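One chain, subunit A, appears in both complexes that follow, with subunit B as partner in the first and subunit C in the second.
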Partner chain A sequence: MNTIIFSALWGVLMMYVGFIVKKQKSATAFAIVGLIVLLVVNWLEYAGVSIFSIDLQGMLRYNRLSLVFNLVIIFSTLVYFLLSGSDIEKFGKSSSDYYALIFFILTGISIIAGFQSLLMLFIGIEIISIPLYILAGSEKNNLKSNEAALKYFLMGAFSTGIMLMGIAFLYGDAGTFYLEGINLGLGKITPMLAVGMVLLMAAMSFKVSAAPFHFWTPDVYDGTPTVFTSFMATIVKAAGFFAFFRLFENAFGNLHADWEILIAVIATLTLIIGNVTAVFQQSIKRMLSYSSIAQAGFMLLGVFALNIFAKQGLVLYFAAYSLATLGIFAVLAKFKDHSIEAFNGFAKQYPLIGFSMLICILSLAGIPLTAGFFAKYYMLIAVIKYGKMFWLVIVGILCAAISVYYYFKLVQAIYFKEAAQREEVVFTRSFELIMLANAILIIILGIHPNWLMALLYM
Partner chain B sequence: MPINYYILLSVALFSIGIVGVLTRRNAIIIFMCIEIMLNAVNLLLVAFSKMHHLRALVADRATTVGTDAQLFVFFIMVVAAAEVTVGLAIIVMLYRNIHSVDINFLNRLKH
Partner chain C sequence: MFAAFDNFPSLLIWLPLVAGVLSFFIKKEGAPRNISLLSSILSLAIVIASLLFSGQQHSALNQVSYIWIPDLGSSFGFILDGLTKILCLLTAIVFPLVLLIINKDEYKNSNAFYGLLMLTQCGLMGVFMATDALVFYFFWELALIPVYFLSSIWGGEKRIKATFKFFIYTFIGSLFLLIGILYLYLKTPHQSFNLAAFYNLRLSAPEQHWLFFLFFIAFAIKMPIFPLHTWQPDAYEQAPKPVTMIMSSIMVKMGVFGLIRWLLPLFPLAIKDYNTGIILLITVGMIYASLIAIYQDSIKRLIAYSSIAHIGLMAAGIFSLTEVALEGVILQMFNHGINIVALWIAADFLEKQTGVTKISQLGGVAQKAPKLTIFLVIAAMANIALPLTNAFVGEFTIFNGLYKFNPWLAALAGVSIILSAVYTLNMIKNIFYGELVPATTDVKDIGRTHILVFSIITLLVFVVGIYPSPIFKIIQESTAMVLNKYGSL
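Then we have the complex of A and B:
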């Protein structure tokens, strides 16, 4: 609750900072201070101290899961600002505008973290999407960026229309927008309810780029400036999944047995299409966008299972996936050439960053001792404990094996290929240290995942 | 008037919107079709609101059941307006660069 107010306020402040302060560095510093304030506020709320208390009419309710999710999101954004702040500064006349937009997105994510009403779901998703359209098109003179922005906008608005139609039909059936009211009223499936639920499922699949609705993802991620792709592919995607999970847990939990097959099919398609297509990509940016589709398939297993393991696993998955992808994208954003060959012999030239990237890649591939391993493990355990459709586990493991192939192409380029002619990139000392800290954090989460998951029960 | 007519009308409008988005090539027309979809939803929500309200009115004269959907309609309008500002800005930006709003030009990202 308090994070909504503070992040919106800080977004407005950020816009004025652009007038007052002319140095780009100080805008970044101000944004980082803002995130630390958000972290503190969120932690206070977690500890039970509320700065504002407003009667929300039950439209928003924050439980442990939403606050821990918010914590993970804000922390990942902090890592993102620390790693990519210097690249955001290079955009446009004043970087504080972009920071302001990112703070507004965080407002939307905080609403998503606690929504109990379909109205709040709609508003939260729109507050996330609209600033993102602007970020996607932030490179005004680059045609690829223009194209990505237009595509993302048309697809996003289209899926919003579908989501609203779903909400309207659900309202017609249940007579309420509250998730609990809808869940309590579920009994027999009426045509109106079925149409509403399927439309909502399709719209949410659009937002998280799950398989039959994934076609916009590679184009948009490829065209968007790399700095903002990294935000879009990690933090925003996690928010979409949280909305998906919360909606289907709280509003359709009583009908779980009826819709589980649909989610199972979507998850299988997402896993297979994402992983198989990623194998053929030559550009790292495009490969990572297909890999993000593939990881979405794993997160969908959590939505499928909907039990306590899925909750723990999703929080861990958000952290593991966001940290690892942010690390790789932060290095990628410094390069103009995004082909895999551009990274040949990278580790010889920059051993520290090469090593950090290696840890990130291993975590994405799900190798033990990194956070990605336990994230995938919990997803599969959730499906096993749910006790139905074991073939999903087999598909998951096979797809994880395929993913090792394309991730290791990158490792091979970084460590085992001869150094090629490469554009000169200077990494600052602080960037190296933050990358290393990020890698160490991934390893710590890989050894002690329960340190994060215990927060759900403290 | 039975609710079925309203449902049919809004589903028809919604389908016109979807078909338009899928077949037209002009970015602004696609955009208009998306607006038609949103307005079909508005119509449906108001119709359902009235339906639930009339049902609840039988039991209680002072009921407010069903008014929340009309509030939702206002939110949809506001959000659609916000989307229009961003969307038209994006289309203008594209027009400045390629002097066309035809989305067939948008194939640079396909490999």
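Then we have the complex of A and C:
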């Protein structure tokens, strides 16, 4: 609850800051302060101190998982601002508008973190989506950016429509919007319920770009300015997954055995399509958008298993995936040419950044000693513990093997190829240090993931 | 008094890790080399101390375990038993030798080079000592990654492609391994990764059959066993020499080790069904590799193929399921690791002196470098298992066991030993004797460092060859346990 109000407030403040403060740098600083405030109030709530008490009729409820999820989200956003703040400043006249939009997205995510009612789910997702459409089109003079925004908007509106229809069906069947109410009423599947559930599943798959609803992703990610792609592909995606997980755990948990096969099929398709297509990409940005689809496939395994390991694993996965992807995108945003060849010999020119990127890539590929290994590992364990469909584990592992191929093409370019001609970019010392800190954090999580996951039980 | 030795195993992990990380950050010329050398010599001292002081109490003293991820039932468990001690000893001996023969300014960015080498050592030690499947897997990968970077950055002309092939092969293998480990984990009563819990599993025959292949493929790629060997000659040829030495001397032993520690005790039913077929496959592969070796003109590829044949013999010995052969295999792992390093060092030396890697372009080196010739002839004799050398003891013991299992297969495997004499002696003859050729007219003899390194190797060759019983005593600590499931079958 704290974070919802503070993030909304800070969003409004951010807009006024645009009038008062003329220097872009101070807007970034103000945004970073805002995130630190959010971290503090979220921590306070975690410690049991609620600043506001509002009777919500049980429509929102925050448990340990929600708050730890919020923590991961806010922290990732902080990393994002620290790394990409200077690039956000380059857009438009006033970067504070964009910061304000991002704070509003955080409001939506905080609602998602605690929703107990389908209405809240809908509101949360809309609050996330609408600012995103603006961000996607923020490069107004670029045709691709406009196309991305329109495509994203149409697809988003379409999937929201499907979601609303699903909610309507569920309401018609159960007579309530409350997740528990729906879950309790689930004795056996009625046609209406089944239709509602499948529609919701499709809508959620749209939001997290799971196959076969993933077609918008590469174009939108590619067209959106790289700074904002980074935010979309990580933090927003994690929010989508959290909603997916919470919805299916709390509303359809009793029907787990009935829908598990659907999710299993979606996960398999997503894994295979994402990984195989990523192999053929020449542009890093497109490769990363397919890789984000592939990673979504892994996270879907958590939704499939729906047990305690999936919960822990998803939180770890959000952190591992977000940190790694943010790191790579932050570097990518500084360059115009995103082809893999453009990064040949990168590490020779920028050893520190090259090393940090390497750790990020290894983490995405799921190599031991990085957070990504345990993230994937927990997903597999979750499926194993669930005890059905062992073949999903095998699919997952084979796809991880494929992913190594394309991730390592990037490693080869960065480290082993002869240096290529590329634009002169000067990285500031602070950027280098934050990248390095990010890499070290990934390694720490890779050695001792329990430090994060223990938060769920403290 | 020796309570401190409880921590032998963890020290062997920490020492190279710290040294590796340290070297990364030291820019000073020469310092990373000294740090690595110091740490590897300290590791050797620790291994020797563990051999001396913990013999009586057996392995109880040499076991440590920290809780790692309690929810998953995994803990950082390490053990130093007979098998592990031999392999750690090998690792601890080979690393200082390899470090010694690297010239001071041979590699650019030497801090990263030595750092990665030390991380490799850390990974290898971890693989050999792990008593927890997750930890085992963790280190198994950890040993691979630094080698990938070492070869891709400092390797030969076609390094990127060759190394990538090697990487993809082994990575896919290890993913199979991971599937197998996860399945076994699921089967344990309290869901743990502990080795002992794995040993106590009662798996049905069909389960054992497919699990066997998951594990076997991973180990077979690493060794490598025909027909999964195709990465090896390219990778050995393209990797920088010190890395080739580490790979061929120690890393391939990871596969052999895996067979003994993980495969054999876990899937007795499957192995009983498959072992004859696998030995047949291996022996065919051995002969195939030896025949190819005869026709190789490149020294490096010759050694690579010879290695396939020798490792094959070890694998065949393991699948013969006799205790004698198993003891021979463990001894031979040590011997092969020592001998092949000598061959590589000589090949490296010749390449640096002449700039030539083809056997046909060399000749008459003995006139110019008599010391090198003596040492290399000894190493070559050890490679073909002449009596009095270490490999004779090892391979004789393996053949002894293999013969008990099936005389025909033993005879077939014996053919490859004869062939190994053919190509090894051929190589010696063509490189060292005959007329001087343009490439070899300016060859100088080996310097002091090389003499030291070769002397240590030669000493080991003869000591183990003449008086192997202390080593056998160490080995026997663990061989009986490996096969105890087979007694009742």
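Side notes on the structure shown:
Keep in mind that, in the parts below, the second predicted complex is superposed on the first by the 458 of 458 C-alpha atoms of A that agree within 3 Å, B and C clash if a C-alpha of one lies under 4 Å from a C-alpha of the other, contacts with A are read in each partner's own complex, and residues count from 1 in each chain.
By our rule, contacts are C-beta pairs under 8 Å (C-beta built on N, C-alpha and C of every residue); 3 or more make two chains touch, one makes a residue touch a chain.
Just so we're clear, the structure is a prediction, and the values are computed from it rather than from any experiment.
After overlaying the two complexes on the shared chain, residue contacts for A:300 are found with neither subunit B nor subunit C. Using the contact criterion defined above for the overlaid structures, shared-chain residue A:416 touches subunit C, although it does not reach subunit B.
After overlaying the two complexes on the shared chain, residue contacts for A:232 are found with neither subunit B nor subunit C.
Contact comparison for subunit A: of subunit B and subunit C, B touches the greater number of residues. By the document's definition of touching, of the two partners only subunit C reaches A:400; subunit B does not. By the touch criterion stated above, A:109 is placed in contact with neither subunit B nor subunit C.
Judged by the touch definition given at the top, the superposed model places A:119 against subunit B, while subunit C stays out of reach. Of the two partner chains, subunit C is the only one touched by A:381; subunit B is not. Of the two partner chains placed around the shared chain by superposition, subunit B is the only one that A:153 touches, whereas subunit C remains out of contact. No residue of subunit A contacts both subunit B in one complex and subunit C in the other. Listing the residues of subunit B that touch subunit A in their complex gives 3, 7, 10, 14, 17, 21, 27, 30-31, 34, 37-38, 40-41, 44-45, 48, 51-52, 65-66, 68-69, 71-72, 75-76, 79, 82-83, 86-87, 89-91, 93-94, 97-98, 103, 106, 108-111. For subunit A in complex with subunit C, the residues that touch the partner chain are 309, 312, 362, 367-369, 380-381, 384-385, 387, 390, 393-394, 397-398, 400-401, 404-405, 408, 412, 415-417, 448-450, 453.
Put simply, subunit A touches subunit B in their complex at residues 119, 122-123, 126, 130, 133-134, 137, 140-141, 143-144, 146-151, 153-154, 157-158, 160-162, 164-165, 167-169, 171-172, 175-177, 218-219, 222-223, 283, 286.
For subunit C in complex with subunit A, the residues that touch the partner chain are 68-72, 137-138, 141-142, 145, 149, 152-153, 159-160, 164, 167-168, 171-172, 175-176, 178-179, 182-183, 185-186, 191.
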